[in-house]
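We call the chains A, B, C and D, going by the order they appear; numbering starts again at 1 in every chain.
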Amino acid sequence: MSPDILDESSVIWFGPQHVSAHGWAAKLTIVGDYIVECDPNAGYFHRSAEKCLEFRNFRQGSMILERICMMEAFLAEYPYIAAVEKIVDLEVPERAKIMRTIMMEFNRIHSLQFWWGQFAGELGLFVMLLWPWVDREYSLDAFEELTGSRHTVSYATPGGVKYDFTPKFLAKMETALKLVKDRMPVFNDMLAGSPTFRLRTEGVGHYTAKQALKWGLSGPNIKACGIPMDLRKDDPDPNLAYDLIDWEVPVINNEEHPGESDAFDRLLQRFKEIETSLDIIEKLLPILPEGPIIDPKARSKTNRLPEGEGYGRVEGTRGVTSVWLKTMAKAQTPWRAKIRGPCFASYYSLKHIVPGARFADFPAIFGSLDPYPGWWDR
Amino acid sequence: MSKTPGSASTLARTIINKYPDIESKPLVGNKVELVVPPEMIRDIVSMIDEEVSDALPESLFGVDLTEDKYEVIYIFWSHEGKMLVQLRVSLEGETPEIETVSDIFPGLDWHERETHELYGINFKNHPDLRLLLLPDELEGKFPMRKSFLTDRSRMDETGLARPKPRPKPGGESS
Amino acid sequence: MGFVGNLGDIFRILKHTFRQVFRRPFTYFYPFEDREYPETTRGRHIHIRETCTACAACVRACPVAAIRIDKEDKKFEKDCALYFDYTRCLFCGDCVRACRYEALFHTPIVDLSEGDRDDLIYGPDKITTLDRDPLEWRGRRFR
Amino acid sequence: MQFDVFTWLGGLWDWVIGVLLWLWGFLMWPFLWEGPFDFFAWFGGLWDWVLGIFLWLWGIVNWLIFWVVDFVNWIWFLVSLPENFMFLFRAIVFPGLIFILLALIFTVWYTRKIWARLQDRRGPMHMGKYGGLQLFADAIKLMSKEIIIPDKAKRWMYRILPSLLLVIVMLPFAFIPWDPYWNILGSPTSPFPDLSVSLVLVFAILTAVPVFSLLIGWVSGSKYSLIGGFRAANNQFAAEIPMVISSVGPAMLAGSLSLYSIVMAQTNIWYIVLLPINFITFFVAAIASVGTFPFDAPVADSEIIFGWRTELSGIYFTVVYFAEFAEQMLYSALMVTLFLGGFNGLPFLAGIVNFAIKWLVVFFLFIVVTSSFYRLRQDQVVHLCWKYLLPLSILNVVLVMFALVYIPGLVPLVIGG
C-alpha cells in the first residue's frame, strides 16, 4: 500500500445505524472498490455487565449474563454457574448434568439456525432470512414449555437445574428437532448448494489456523480451519455430561486449502455443528436417569461463598465462552467477574481479515464470523 | 507441533528452569498458574509463544485489590496439550505500568485496551490505547476500580433495609 | 461443479421457493388470534395477598430491584403490598421461586404494553387481579 | 359581439393622445390659466380620466377572455374529432396513464403478497380486503412524511430527478400493444397506425434510467448514494447489451421492429417455443437491468444502506419506489409481447385479458426467480452478463439467421396469418 493510493481513499462508516451493522460500527477506508483499512469500533452496547455482576449475588448473576447474548442465552449463563460451582465444589446430580447438556445443545441448534438466516440476509436473500427463523420458533416454543421463557431461559442454577423435563416438553423438543433434521437438505440446497452463495463466499475472508490462533478466534471459526479445538472434548466441565457419551468433534477439512478457511468453510462447519448437536441429544436422551434435579444443599451453600477463584468455561456457539470469578471470604457477591466473549476476538480479527477485500464482500466476511455485539460490549 | 509440551507442569518446569524468579502453582486439572514479576512478562509470554505452538490467547484482565494494588491475569489455552496457563502479575501504584504483549499475541490488543480504560493500567508501547468500550466522558475515570462509586439508589426504592457493608478484602489473594 | 451441475442446483432452489408459495403461512393475525401459552410461561405476576407473609424474599431475590415492598399496607393479617415495576422486570422467575408461601406466581399474560411508563408499575390493585380493561380496535375486541 | 383587436388598437392611440394632452394641460396650467385656479373645473375633468383607464383595462380583460374562449374552442374542436378523441382516451384512460397507475398499484400488492408467501408470512392484511388498500395507506403515509434534503445535496436536481425518473419509466408503456384495438401507438386504428421502430424506441428510452439513478446518487451528497449510483450504471452497462441482442431474435422472425407487428406475427406459434434460450437470456438480463434481488448491488441494503435511494425521503422515495415496480412491469410486458404472443391466446377472451393473464404469470415467475438467489457482487454481474448471456444471445441471432434461410417451412409459420 503505497501512500499515493491512500490519497484517493475515502472513509466510509459502516454502522452504527447501518441496516446490517446492528449496534457496531467499522470505519472502512476504501480505495476504489477495495478496503485497505478496517477499524472496528466497539462500545455501542456497553452496559458494564462485569460491574453489574459485582453487585448481584451468586444466584442472580446468571440473569445478567443471559442478556449479553440472547441467541445463546443458556450457553452464556452457564460459565458463571460453572465458576460458582468450582469455587464451592458443588456436585450436581446425574440427571441435572444430562439435562443441562441437552439444553445446551438444543440452544446451540437454534442459535446456529438464527445465524443461517442472518448470514443469508446479509448476503441479500430475504427468503432464507425467514425460513430458518420460522423453524427456530418450534425450538423456542419448547423452551417456553420447559422454562416459561423463549430466549432467556435461566434454566441452570448452581447445584442443578430449575425445572424438570415434562412429557409435553419432550414432545415439543422432538417436533423441533425432527423439523431441524427434515429441513436440513432444504437449507443445504439453499445455502451451500446455491451457486450464487458459492460465488459470494468462496475465497472470501480467508485466514490460516495460525493467524486465527494468534487473534484468539475459537469455536467454529477455528474448527473450520481443520483444528478440532472444542472445549466439550478438550476440557469438559465436570458438571456436564459430554464425557458420558461417544461423539465426534465436528471439524471440516478442506482439501483445497488445508489449515485455512474462508466464509464457505465456516458455513459448512456450522452445518456440521448442528449435526453433532443433534447427535449428542439423540445419544443423551436414552441415558437420562431418574432422580433429583438439584442438590438440596446448593441454595444454602451459594448464599455466601468461600474465598477462591473459579474459571468456568464452555464451548459456546460462537467459541470459547468463559467467566473468571474471584470471591473474597464470606462474600455475598463476586469480587471480580471477567466475562470472556467469543466474539470479542472475532470482531477484533476483522481488523486483519478485511483489508484487501472488496467492499461488497464485507458483509460476507463479518457474517461468516458470526459476531454478536453483546459479546464484545458486555 | 513437536515442541508442544505434554502437560502444564512440564511447561512450568521449562519456564522456571530458564527464569528461576517465577513461582508456579498447579491448579485443578492440567492447568498451571505462574506468578510473574511485572518486568519479565514479555519474556514469559514470548517463551509461551515459542514453546506452545498453538497457544490461544484466551483472556487478559485486571483485578482491583484496593489500596492501589492490582493484578493482571493472562490466560492461555493450548488445544494440543489440553492445558491452560494462567499468568498472574501483581502491580502497585496509582497508575500501574506493564509492558504490552499485543505484538506477540495480536488477540490481546483489545484486551489491553479494555483493561487500560477500565482499570487505568498503562500498557507501555501499546500502539493504540484509545477508548474501546467507554464513552468519552468516562475517560480517566476507570469505572471498574472499586473506588468508582455507582448509583445504588435503586436499592433504596425497594423498601428493604440497607444491606450490610461489603466484607473487607481478606489479606492477599489466593 | 460444472455448468450442468450449477443448472441442477438452480432448478432445485427454484423448486424449493416455488413450493413455498403454495404453503400455508406460518404467521397469524396477532391481536385477533394468539397462540397457546403454556402454563409455565413467565408472564406478569399475580400476588395472592391471603397467603403472603411479608417476608420480602421476592424483593431480595430480584436481580434488578424491580419489586418494591410496602409493609404498612396491610389487608389481611400479615400481608404486604407489592409494587412491580415492569419497566425493569426481567421475568427471570427468581421471585416466584423464592416465595415459599405460594403467594406469588407468574401468569401466561405477556402483552403488557401501556401508553405511559407509569402505568407499567403495577400496584397492589393491579398485581392482585387478572382483570383489565378490554381493548377495542375497529369494532373488534381483543385481549 | 365579436371582438376586433385592430379596432380596439386603433382607438388606443386617440386615448393615449388625449391622456398626454390632458397631462400637458395639467402641467402647464399655472402658466396658461388666467385668473385664479378653478378647482372644480379641474376636478370635473378628473372623472373622465379615470373612466378612460377603466375602459382601457376592460378592453384588455375582454380581449383575454375572448382569446381563451377561442383557444378552448379550438382545442375542443380538435379533441372532438373522432380519431383524436380515441387517441386521447387511450393515452389517458384505458391502456394509458390511469390504467397503468391502477396496474402499478395492483402490481405492488401482488408482489408484496408473493414475497410474503415466499417468506412464510401473510403480507398486508388489514387495510381493505386482503390488504388491497395497503398501498394507498403506504403512499399517504410516505407523502405526509417530512422531506429531508441533505445539506450537501444539490437541492433542485434532488427535487426534480425522482419525478423525471418516473416519467421516463412510464413513457415506454405507450408502445406496448395491449390489445389489437385498445393500444396507444401502433394499432391500425390509431392516428399513428404503425410505429415501425417501437422496439428500438423502448430500449432507447430505458437507457436513460441508469443515468437518473447515477444522477440521483450523485446529487444526494452521500457516499452510499454515490456508490449505489455507480453500481446502477454498472448493472445497466452489463445487462443492456445482452437484453437488446436477445430481442433481435423475435424481431428477425417477425421481420419487423414494431412491437405490434411482432405480436401479430405470433398468431401461429409463440416465439418462446422456438427461442426458449433466448427467452431465458432476456429474462435474466431484464432482472439485471431492473436491479432487483439477485442483481440488487445498486441498492444492496446490507452493504450500502439503500444504494442510490438512501437519502430520498417522503414523496421522492414513493416516486422512485413506484418507478422500480413500473420498470419490472414494463419488462414483464415486453417479455409477453416478444415471446409469449402478446394478446394472442384464447380466442373467446378479449386481447387485453389474454395479455393480462400471461403478464401475471410472467410477473409471478419474475418474483420467484428474483427471490431465490443471493446478491451477486457487481463484478460478478458483469461477468455473468458478458460471459454467458452475451454469447448465448449472439449465438441465438446467428441460429435464427440460418434457420430463416435454410428451414423451408419456417417463414410462413413465424410471419403469422
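Criterion: a contact is a pair of C-beta atoms (placed from the backbone, for glycine too) under 8 Å apart; a residue touches a chain by one contact, two chains touch by 3 or more.
Every value quoted in this text rests on a predicted model; they were computed, and no experiment measured them.
Taking A-B and A-D together, the pair of chains sharing more C-beta contacts is A-B. Comparing the centres of all chains, each the average of its CA atoms, the largest separation from subunit B belongs to D. Taking each chain's centre as the mean of its C-alpha atoms, subunit A lies 24 Å from subunit B.
With centres defined as mean CA coordinates, subunit D is found 67 Å away from subunit B. Subunit A and subunit D have CA centres that are 51 Å apart. Once the centre of each chain is set as its mean CA position, subunit B and subunit C turn out to be 41 Å apart. Shared interface positions of subunit A, i.e. residues touching 2 or more other chains, are given as 127, 131, 134, 194.
Counting partner chains per residue, subunit C shows two or more touched chains at residues 10, 13, 16-17, 20, 26, 62, 64. None of the residues of subunit B touches two or more other chains. Applying the touch definition to every pair of chains gives A-B, A-C, A-D, B-C, C-D.
Across the interface of their complex, subunit D is touched by residues 10, 12, 18-20, 33, 120-127, 129-131, 134, 194, 196-197, 199-200, 358-363 of subunit A. Residues 56, 59-61, 63-64, 67, 127, 131, 134, 137, 144-149, 152, 154, 162-163, 168, 186, 189-190, 193-195, 198 of subunit A are the ones touching subunit C in the complex.
Contacts from subunit C toward subunit A in the complex involve residues 1, 6, 9-10, 12-13, 16-17, 20, 26, 37-38, 40-42, 61-64, 90-94, 97, 106. Chain contact summary for the complex, subunit C toward subunit D: residues 10, 13-14, 16-18, 20-23, 25-27, 29.
Considering their complex, residues 115, 118-121, 223-224, 227, 293-294, 296-297, 300-303, 305-306, 371-380 of subunit D touch subunit A.
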